[in-house]
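First chain A sits with chain B, and in the next complex the same chain sits with chain C.
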Partner chain A sequence: MHTVYSRINNVSAMLSTCVMVLLAAISISSYFLVADPKGSIAVSSIQVFPGNARRYANKNQDFAFVNFNVTADLSPLFNWNTKQLFLYVSAEYENKRGVKNEVVIWDRIVRRKEDAQLSVAGRNKYAFRELSTSFKGAAPAHYTLKYNVMPYVGVLTYGEAARTADPVPFPERQELS
Partner chain B sequence: MFADELKTLRRLGVRHVLLQVLNFVSVLASGLMIWKGLGLVTNTESPIVVVLSGSMEPAFYRGDLLFLTNPTDARYQTGDITVYKIPGADIPIVHRVLETHDFPPNNKGAVAASPLVQKQYLLTKGDNNAIDDIELYQGLEWLERKHIVGKVRGFLPYVGYVTIAMNDFPQLKYALLGGLGLLALIQRE
Partner chain C sequence: MATYVQQLLEGKIDFEGQKLVERISRDTLIAATAISFIAGFATQSLRVTFGLFALFVIVLSAAVIPPWPMYNRHPVKWLPVKESKAE
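This part shows the complex of A and B:
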C-alpha cells in the first residue's frame, strides 16, 4: 500500500495539480490587472518613390516612406504576468478599388518596464507598398500605435495606444532623378 | 524476465485482460473526443500546437504550447499571431500578421455569412526574422484565409517540449507507450 511507487505517484500528482492551479490563478489575475495607456502619434512626412519589389525584380511599384513621431508611456501594461510587449505602428487606408489595407510599417519588442517609456522619431522599417502597385487615388491613411501584451502564461491581449487625429493623405509620386 | 507479469496475466484471466483493453481504448477514445470537440468549439483543425522553431523568439521558444481559436465573427488583423499551413509543406508555421488586405464583397446580391468567407490577403513575418515570409509561401504571393489554421489566443510555456523530445528521440516514445500499455494491462483494480 505504501510502496515507493505509490508515494512517487501521489507526490507527483500533488505537485502537478498545485502547479496547474497556480498557473491558472496567474493567468486569471491578468484579467484584473488591466491598463489602457494612451500616447500620441504624428506623421511628420511621407514621400512616395518608385522602386523594385523583392519578388518581381523588373516590376516597378510605389514605395511610401513615412517619418513619424511616437510618444507613449506603456509601463502600466507591465504587471507580474507580462513577459513582453510587441508594439507596432500600422497604416490603415482604403485604396482606389475599395480594398481595406492594414500595413505594419514599424515594430519593436519591449521586454523591460524601464524601456516602456516610448519616445521615438522613426521611419518605416518594412516596405510600405500598395497592392495595386500605385498609391494614386488611395484614400488618406490613419496611422496607429498598437500593442500586444504577451504574458508568461495565459491569454494574449491587444490594444491601441494612439491614432492620428486626422487621416494623412499620400503625396504624389516623386520621380527619381 | 516477464515471467511474473505473465503469471499474473494468466491468473487474472481473459475477461480481465479484455476489460483492461476496453478501459485503455475508452481512454484513447475520450481523448480523441475532447480534441475534436475542442476543434469544433474553436473552429480550428488543431486547437493546440507546439512551437517547433525559434522564429518567434523572444515571444515563443521551442516547446511552448499555444492555444488557437479561429472565430467565425472576427477577421484577422495586423499583430495577430497566426498559424498557417501552406499546401505541400508538412509543418504549420507560427508567425505574426504584418499586412492585411480586405477585399470588398463582390456585388452579386450575396451577403457573406462570416468575415472569414470574404477574400483577404495576408502577409506574415516571424518576430525573430529580419524579413517577411514571402519565401516561405512556396510560390504564393499572399496568404489567404484557407491557409490559416487559427490565431494564437493563449500561451503555456515549456509543456510541449515532451512532444519535441519524443520526436528527437523516438525510443522515448516507444518506451512511454509500451510502459503505459503494460501498466494498463497488469494493473489490478
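This part shows the complex of A and C:
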C-alpha cells in the first residue's frame, strides 16, 4: 500500500473479487425472474411429395411441406439478463418403426423485446424428411413452438410456448405430375 | 530532477495513510457492488449496473491511487541521531 503500484495491485485484486460476486448475483437473479408465456400454434396445411436430396443423390425420399400459424407474446421472457431468444418449431412424431423423432423445421432469433410479439404465418425453413425415406405409417405429429433463453451471464434455459392441441397426421404422398 | 520524478511515480504515503486507503478501497468496492446490483435490478438494465460500477471504480482509483496529501499527514518521527563514539 505504500507505493502507487502496490495500491493499484490492492484495488484491482479487490475489484476482481467484486466483479465475480456481481456476475454471480446477476446469474442467480435469473432464477427469480421466471416467466412462462403461452402462445398458440396451428398447422394450416401439410403435403408430402417425393423428392431427391442432393446429398443422397441415389435415394428418393419423401419431403413434407408444412404451413403453420404461430402467435405468441414472448416479451415476458426479456428481463435484464436476457441477451436474445432462440425460437424453434419442431415436429414430434413416431415413425413406422417406433422411433421417436423430433425435427426442427423452422427457427428464429429474437434480439429485442419489441420483436417478441410473434405472429407468423410460416412454412418449414429446413427440409423435413424422414430418415427411413418415407412418412408412410408414421404416427400423427405434434408441432410445438419452443424457446431457448440466452442470458448475458448464466445458464441457458429452455421452454415450450405452444403445442398443437391434436396431433396432425401425415397425408398420403402425392405424385408429381 | 530524476529523483523528483521517481518520487512522484513511487508516490509513497505514510502508515496511517496506508490504513486509510485499505479501508476506503474495500468499503467502496463492496458498496459499489451492492448499489450497482440493486440499481440495475430496479431499472432492469445491465447497462445501468455496469455503468454505475465503472463510475465507482474510476472515482475510487482517482481518490486512492495518487499520493494525496491527506495520506501523508502522519509522517514517521525518527529518533534523533546518536553521537557516534568514533568522533
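Convention: the second predicted complex is superposed on the first by the 173 of 177 C-alpha atoms of A that agree within 3 Å, B and C clash if a C-alpha of one lies under 4 Å from a C-alpha of the other, contacts with A are read in each partner's own complex, and residues count from 1 in each chain.
Methods note: contacts are C-beta pairs under 8 Å (C-beta built on N, C-alpha and C of every residue); 3 or more make two chains touch, one makes a residue touch a chain.
Keep in mind it's a predicted model, so treat the numbers as computed, not measured.
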item	value
Chain A as common anchor, with chain B and chain C clashing or fitting	fit
Chain B versus chain C as contact partner of A:K96, first or second or both or neither	neither
Vertex chain A, arms to chain B and chain C (CA centres, degrees, nearest 10)	50
Chain B versus chain C as contact partner of A:K59, first or second or both or neither	neither
First (chain B), second (chain C), both or neither touched by A:R111	first
Chain B versus chain C as contact partner of A:T3, first or second or both or neither	second
First (chain B), second (chain C), both or neither touched by A:L131	first
Touching partner for A:Y152 - first (chain B), second (chain C), both, neither	both
Touching partner for A:V11 - first (chain B), second (chain C), both, neither	second
Touched partner set for A:A25, first chain B, second chain C, both or neither	second
Broader residue contact with chain A after superposition on the shared chain, chain B or chain C	B
Touched partner set for A:N79, first chain B, second chain C, both or neither	second
Where chain B and chain C come nearest after superposition, their Cα distance in Å	13
Chain A positions touched by chain B in one structure and by chain C in the second	152
Parts of chain C lying in touch with chain A, wherever the complex brings them together	9-13, 18, 21-22, 25-26, 29-30, 32-33, 36-37, 40-41, 43-46, 49, 53, 57, 60-61, 64-67
Parts of chain B lying in touch with chain A, wherever the complex brings them together	58-59, 77-81, 96-104, 121, 125, 127, 131-132, 134, 141, 152-157
Chain C partner contacts - residues on chain A that touch it in the complex	1-4, 7-8, 10-11, 14-15, 18-19, 21-22, 25-26, 29, 79-81, 152
Contact set on chain A toward chain B in their complex	23, 27, 54-55, 83-84, 86, 88, 90, 97-104, 109, 111, 126, 131, 146, 148, 150-156, 158
